[in-house]
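If you scroll down you'll find the structure; I have some questions about it.
Chains: A, B, C, D and E, in written order; residue numbering restarts at 1 for each.
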Amino acid sequence: MSRIGVFVCHCGENISRTVDVEQVAKAAGEIPGVAYSCDYKYMCSDPGQTLLKKAVAEHKLDGVLVAACSPRMHEKTFRKAAESAGLNPYLCEMANIREHCSWVHEDREMATEKATGIVKLMVERVRKGKSLAPITVPVTKRALVIGGGIAGIQAALDIADAGHRVVLVERDPSIGGHMAQLSETFPTLDCSQCIMTPKMVDVANHPNITLYTYAEIEKVDGYIGNFQVTVKHKARSVDESKCTGCGVCMTKCPKKKIPNEFDQGHGMRPAIYVPFPQAVPNTPVIDRENCTMFQSGKCGVCAKVCGPGAVDYEQTDSFTVEDVGAIVVATGFKLYTIDRKPEDSPIQGYGEFGYGTIPDVIDGMTFERLASASGPTGGKILRPSDGKEPKQVVFIQCVGSRAREKGISYCSKVCCMYTAKHTMLYHHKVHDGQAYVFFMDARTPGKGYDEFWRRAVEEEEAVYIRGMVSRMYQKGDKIVVMGSDIQVGVQVEIEADLVVLATAVQAQDGADLLAQKLGISYDKYNFYSEAHAKLKPVECATAGIYLAGACQGPKDIPDTVSQASAAAAKVMTLFAKDQLERDPVVAKVNEKYCVGCFACKKVCAYGAIEEKEIRDRQGNLVKKVAYVNPGVCGGCGTCQATCPSKSIELDGYTDEQIMAMIEAL
Amino acid sequence: MQIITEQNLRNLIDLLVKEAKLVVGPKLSGSVVLYEPLTAGTELTLDALPRRSSKELFFPVCEDILSYKREGGAMKVTDVDRSKFPETVLFGAPPCDAGSPSILDAVMSWDYKDEFYLERRKKSTIVGIACTKGDDACFCRAVGLAPDTENGSDLFLTPLKDGSYACNAVTEKGQALVAAHKNLFAEGAGAEPVPFVDQAVQKLDLVKIKKWLEEHFEDPLWERIADICVGCGACAFICPACHCFDINDEGSTDDGVRRKHWDACGFAKFTNHASGHNPRDVQNKRYRNRIMHKFKYYDDKFGKTLCTGCGRCIRACPVGIDIAEILETINGKAE
Amino acid sequence: MHDFEPKIVAFVCTWCTYAGADLAGTSRMQYPPNVRVLKFPCTGRIDPVFILRAFQKGADGVLVSGCHPGDCHYMAGNFHARRRFAAFRALLDFIGVDLNRLQFSWVSAAEGGKWVEVVTDLTERVRTMGPMPEFKELEHEELWSTFAEATAGKSTGLNITGDRSQVLNTPELKEAYDSIS
Amino acid sequence: MCESKNIYLPNLATIETIVDETPDVRTLRLVFQDEAVRENFNFRAGQFAEYSSFGFGESTFCIASAPTRKGYIECCFRSVGRVTESLRRLEVGDTVGVRGPYGNSFPIEEFYGKSLVFIAGGIALPPLRTVIWNCLDLRDKFKDITIVYGARSEADLVYKHELKEWQERGDVRLVKCVDPGGAGPDFDGKVGFVPTVLEEAAPSAENTIALVCGPPIMIKFTLPVLERLGFSDDNIYTTLENRMKCGVGKCGRCNVGNVYVCKDGPVFTAREVKAMSQEF
Amino acid sequence: MNAKANKNQLTSIEPAYYEAVTEAIRKEAVKILKEDTVVGVVGYLPGRRKGTATPALVTSVEEAEKLVFSPACVNNLSVYLTKAKKGVLKQGKVGIVAKGCDMRALAGLMTESQLQREDLFIIGVVCPGVYGFGVERTGTLTEANIARKCRECIVHMPEGADVAAGTHAELADLTPEEAEEMARIEAMPQAERWAFWKEHFSRCIRCMACRQVCPFCYCEQCLCDKNRPQAVESSPRPAGNMAWHLVRAMHLAGRCGGCAECERVCPMDIPLNLLNRRMAKELKELYDYEAGLAPVEKGPLNQYKEDDDQSFIK
């Protein structure tokens, strides 16, 4: 038989005005299992808490119920008091007789009856409650950052600067990401590479950062504080430890006419290459698909010219397993490719814009490369088809974005600003040129953004036409752009030399596959889902995994960098302690009765449930059962409601407690 | 010979109901015939063997054996008032049902007396009826009973071809019943009795079978049966002789009832000890126990076979385990 | 005071509806005191068995309430609950439980007013429906063979329904019958 | 026995003291609430009872205290199941139900003038402890008394205080042991399994009765040892623990063949056990 | 198209059909036993009584030659494969004779990680139907003696078996009795529905035959055997019986493949399959899900869509 103490609070007059607290205390005293009950003016006050502590000692109480305000208000207070009196804090509960009773009812008799009822119910909860010990999880103070764009770089540097080791994994041969491709950035028009490349070098030189480029995530095991991540190092065909980065191989490579991805295919590179001159690391890779040696077995020039003998045609993909405590996902975005076939995707293409068929219809990133001093045209705006300087350029915004009927309903957030920037860059470079912009809205919230946009319109002479383009076709060396100006209500037809489409920002290819490996959730556009839209914008629902940058949704650079630093801060918070302590309200499996149907695993939103093998002494597999990783479990209890045999149970909300409460109704 | 017409038999039920007796007999309940309280003679249904045996008259599916309640600090336990058990008359039990109490009396009173059973038994009168139905699952003859076995009945009715019944008051209780309702019975020669149905299973040598069982505690037969037995309790629950039960508390720790209810030796956890030790841990041991209990142990202990050959378990077994066939097999094997 | 005060049980999630009910309190809104709130971490934790059990143990109405879709603190608990309860409702309906006694709602932490509305509606609706007899009666129902005081016509609530005029067709019988009645 | 008695009705008893023998084995000392029952409750060593925790049901254990000590009974159990776990949650002053005593007992009178060897393993000491104290209370009626008791580990030894008492008594030989790996640094007993330790201790079979109680596996290996030591099957007694519900020979659970352990047992000689069907 | 034409003509399935299926099963069973593909075959043997058959696990060629298939082969043999019941799988790969409805259970068990396809050799039976209960068992299957569940069978052809025994044969123009009965109950006033089920459930004696034959009741500890906390009273009283059947129906929702074994074996004739069909109907309507047509990743109650119906939620 339990010895529970019930403490009924007057809350000044807040409760006692409508509830006969003495009566409630008296009735509580008669409930089986209650050894002591009393009422007091302010239970949460110091004397109130002292009263509770004294009663626990004097009456040898093994559970405490405070009938007062909402547990959301003072549960922590009283649990702490109970703990200091030597009780397990989870054996202290609150009966809410203020918000749920005295404040919402006027009839004293009925309110008293209800308060008594609530107390009765909650006494059962305490009676069937169990002591719970806080769960501690050891933390490996080493972080993994996936993605070497600005987000990943920022996060990695922040974490590394805080003194923790970081593994940075980049899929491409070099870090830098999209930001390295940009010419200048809004709203300040500073040179992107000038601010980006020093950070890339910092990464390469940081003693706490291990950089893996040309590598991908193969597999993720473990949980917060204790992930084991298998990294696949794609065969580079160049031994990084030997390569000095002299670049002779690249200059000698006989195959030089391969479209360069970094320049959106508008520049050329050899088969052994670094994506761009400032690449970090400055170690080339061999593009095996385009390498004569790999395709026909005859060549081997690069190996011959390589002084240190770094070229290795035999190299194969290799794997390492990295133990990390936290993961920052910063995989970035890609631009919407217009010619996507409807059968591939629910997102329909924009065939009417002629992208891919009309050579001088390009996307925004290509324009960035054209405008970039390091780009294929050396910073001159020359159109792809004939290398002429375009005199009339049409920019079209919201290509892909905000077009629900075509499959993407969101705003890509950065296009308004970068298009404005493009018009400016164009104006700066082609003084006699004219930029037109078709737009739906100009969305320019952000520090200095609207001013920047206005500058484009008012000072840099870009003509903004509110409306959409309906049709476009090649006419001679011109592109006829037909659209409507809905503000004026007229049809517009422009003969353009170049058309730049501000295509939508989309999740990276394979974002869904990576999410599945990581066990994080993603939305229908494959952007990763944050744990809470407002209060946990950086965290994933899966503990220990954080989001940075455009992988979570379209973002500009400052937002991306902020989020990256925020993610880094979250990682540092996690790393601040050797052990991770968490609320012990987690599910546990009764392995004796679990039959391994894994319905629990199927409904677990946290990926906290794993399959565990039970073996006999001889090592034969007896059965597979569910195992809840307490470090990962969120404590919702959906698994328990799903389990047919109730072989999984949520501590703190056990069936026994709930049934007893129902019994006491 | 005493003769009662069918009409008067139904009238007798009406009278007994009126006398505030609990009158139980085969009655259509939903789509099945069960032994249930009759509220009128017209409800008596004699053309099908009830799905459950009449044992529940004495050994209910579930009954309270005590109640407990915490009053103030003290626990109070209250006994069941068995004196309130009603006077009962059972109608229409064929020999395979009417015969079961006389088998169960032994275990219910061999040392400790189960007063729940015995009180109900004391207050009941069994009006048995010779069985003229039967199907290929029946095997009462095989276990030493017959469609006209009177033993177990207080009053025994034999259906006659003209629709009336020849009555034989087997016991004092039976005589008393007749005496109290004399005007419903008539003296006479009676018509010819309705013939009995042939049974597929012939008389078995129960002594021989018992001997075989004694010598074949381990036998591939048990495993063969266990291969298909799914471990439900259908056979035991509808059996007139099975009497295993469980005791459980229902309610809270402060207020509740302790109940005794049917259990079955085929259930996997029937003999599971809290320590995890389970002497009958696999189905073949459990099924073996069922056969052994019926045809050996009970006989060893109480000198009776724990089976009346009603065939219910054969009809009900989900997987077609046929106890008559098993007995025939053993009978054939035994020397 | 009314003649019949229904017993209403509310199973609510702690993050949205419980907080919403708190808000109703801090806003000093008024609603009928019949409801007893059982707090769960999430509607995903609420087993249909609890609803069944609540009816068995005397509830006249049951409310299940949690976060609006998409607002679940645990991401998807309420989505799972939604399917589970859709199925359970169908089952209860099929066996003959009046679904007017079972209410599901989404009440967010900001919807103190909605909480009051939902609770008041359910309470008043159940009040007009009267006590829920089905499960409660079942609790006390025994099989005929169990009942210690069983006598014919009383044990199972059966009434003597046989047509006596047809049975008692002879004067002697009538006499015999009358003599004992 | 009174004719109209409800054989399933327990007597109420109050928990007087609680002793934790091991982390999961607990002894409850129970005092009957009804004075008449308290005075008249008699039992013999080896008998068992049905203990109920209201709301949870009944569980069967032997009466672990000695019949020579009146006024209370003791039971000792490991919390493994639902009922035992609920019994464990009870505290001093709480009420439990007790039905019994049931079953047969050790024929102690027949042991007069003989030497006794008690062999027990783990949680199976309580059924012998009642006999041990019974015999120690009548010490002069017996010759040598040897107790061989072992458990998995030192922590699993029950009645530690009494073991000490027996050890210190001059008139009892206590051989205490734990399984290999189960001994702490200060353990003063032997290390080894009970059958092995018994063989080493080699008590004389001359005019001696052996009483064995332990898990089935221990009994299986102990009987051959006793045979080697010269004990006849008639001079070896054991007590069986099968799952029981009614305790009074009705419910059909505890039977081993045609033997109802609850009625015909729980005490059997080795000869009887061997004669029982292979089921044991 | 041929099958369709066939279907319209058949008013009875003659013993010859079953004999042909029997032959095919025997041939296959013998073959896989001989080739050591399997350690045993779960099939049917004839029963002692006329028109009965019993399940059997055969391990030798001689026994395999005695296997039969007839309208009396009512059992869903997949129950023998789940470990809590029999665990014949422990010994190695096993052959199993499976009708279309049994295949649905097999698919469900694979969905729930209880079976691996590679552990099974499935001898599918193209099944025109089996006997109902309490009917004339003559060897010929007609509208008069076909089981209720078979009247609405959509899985005459066993999809996904290793081999199939038999050719398409179905009885024509069967009235969907189960659907009609369900509609009848649904049309009842609420109180009448309650009375209907209450009457049925009060007959329940908790013999657990329904649970023990159910391929999906493979829990090590059934909720109804768990009594602290007690969600379902273990005693066979009206209250606990109602709770038990509701809990069971809920647990089977989205899983039950409709073999109707629970209903067939109920010694008290409780129409249990109606509950399961009702749940299946609901889940089909709401989530377009039918259990057991193929192994899937998640059942309907283990997944959700953000836009699931919530018209019942305020």
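Some observations on this one:
Assume a residue touches a chain if its C-beta (ideal position, glycine included) is under 8 Å from a C-beta of that chain, and two chains touch if they have at least 3 such contacts.
Everything numeric here is computed off the predicted structure, so don't read it as measured data.
In this structure, the chain pairs B-D and A-B differ in their number of contacting C-beta pairs, and the larger number is found at B-D.
Each chain's centre was taken as the mean of its CA atoms, and the one lying most distant from subunit A is B.
Once the centre of each chain is set as its mean CA position, subunit C and subunit D turn out to be 50 Å apart.
If you average the Cα atoms of subunit A and of subunit D, the two centres end up 63 Å apart.
Each chain gets a centre from the mean of its Cα atoms; for subunit C and subunit E, those two points are 33 Å apart. Measuring from the averaged C-alpha position of subunit A to that of subunit C gives a distance of 44 Å. Counting partner chains per residue, subunit D shows two or more touched chains at residues 56-57, 82, 86.
Among the residues of subunit E, those touching two or more other chains are numbered 223, 227-228, 230-231, 236-237, 301-303.
In subunit B, the residues touching two or more other chains are 61-62, 70, 80, 82, 246, 248, 252-254.
Listed in rising order, the residues of subunit C touching subunit A in the complex are 1, 7, 9, 14, 18-19, 21-22, 24-26, 28-31, 33, 36-42, 44-48, 50, 53-54, 57-59, 72-77, 80-81, 84, 116.
The touching residues of subunit B, counted against subunit D in their complex, run 65-66, 68, 70, 74-75, 77, 79-80, 82, 107-108, 110-116, 119, 217-218, 243-249, 251-254, 256, 258, 260, 263, 265, 270-280, 285, 289, 292-293, 296-298, 300-301. Partner subunit C is touched in their complex by these residues of subunit A: 70-72, 96, 98-101, 103-107, 110-111, 113-114, 117-118, 121, 521, 529, 531-532, 541, 585, 603, 605-606, 634-638, 640-642, 650, 652-653, 655, 658-659, 661-663, 665.
For subunit C in complex with subunit B, the residues that touch the partner chain are 142-146, 148-153, 155-156, 158-164, 167-168, 172-173, 176-177, 180-181. Of all residues in subunit B, those touching subunit A in their complex are 70, 252-254.
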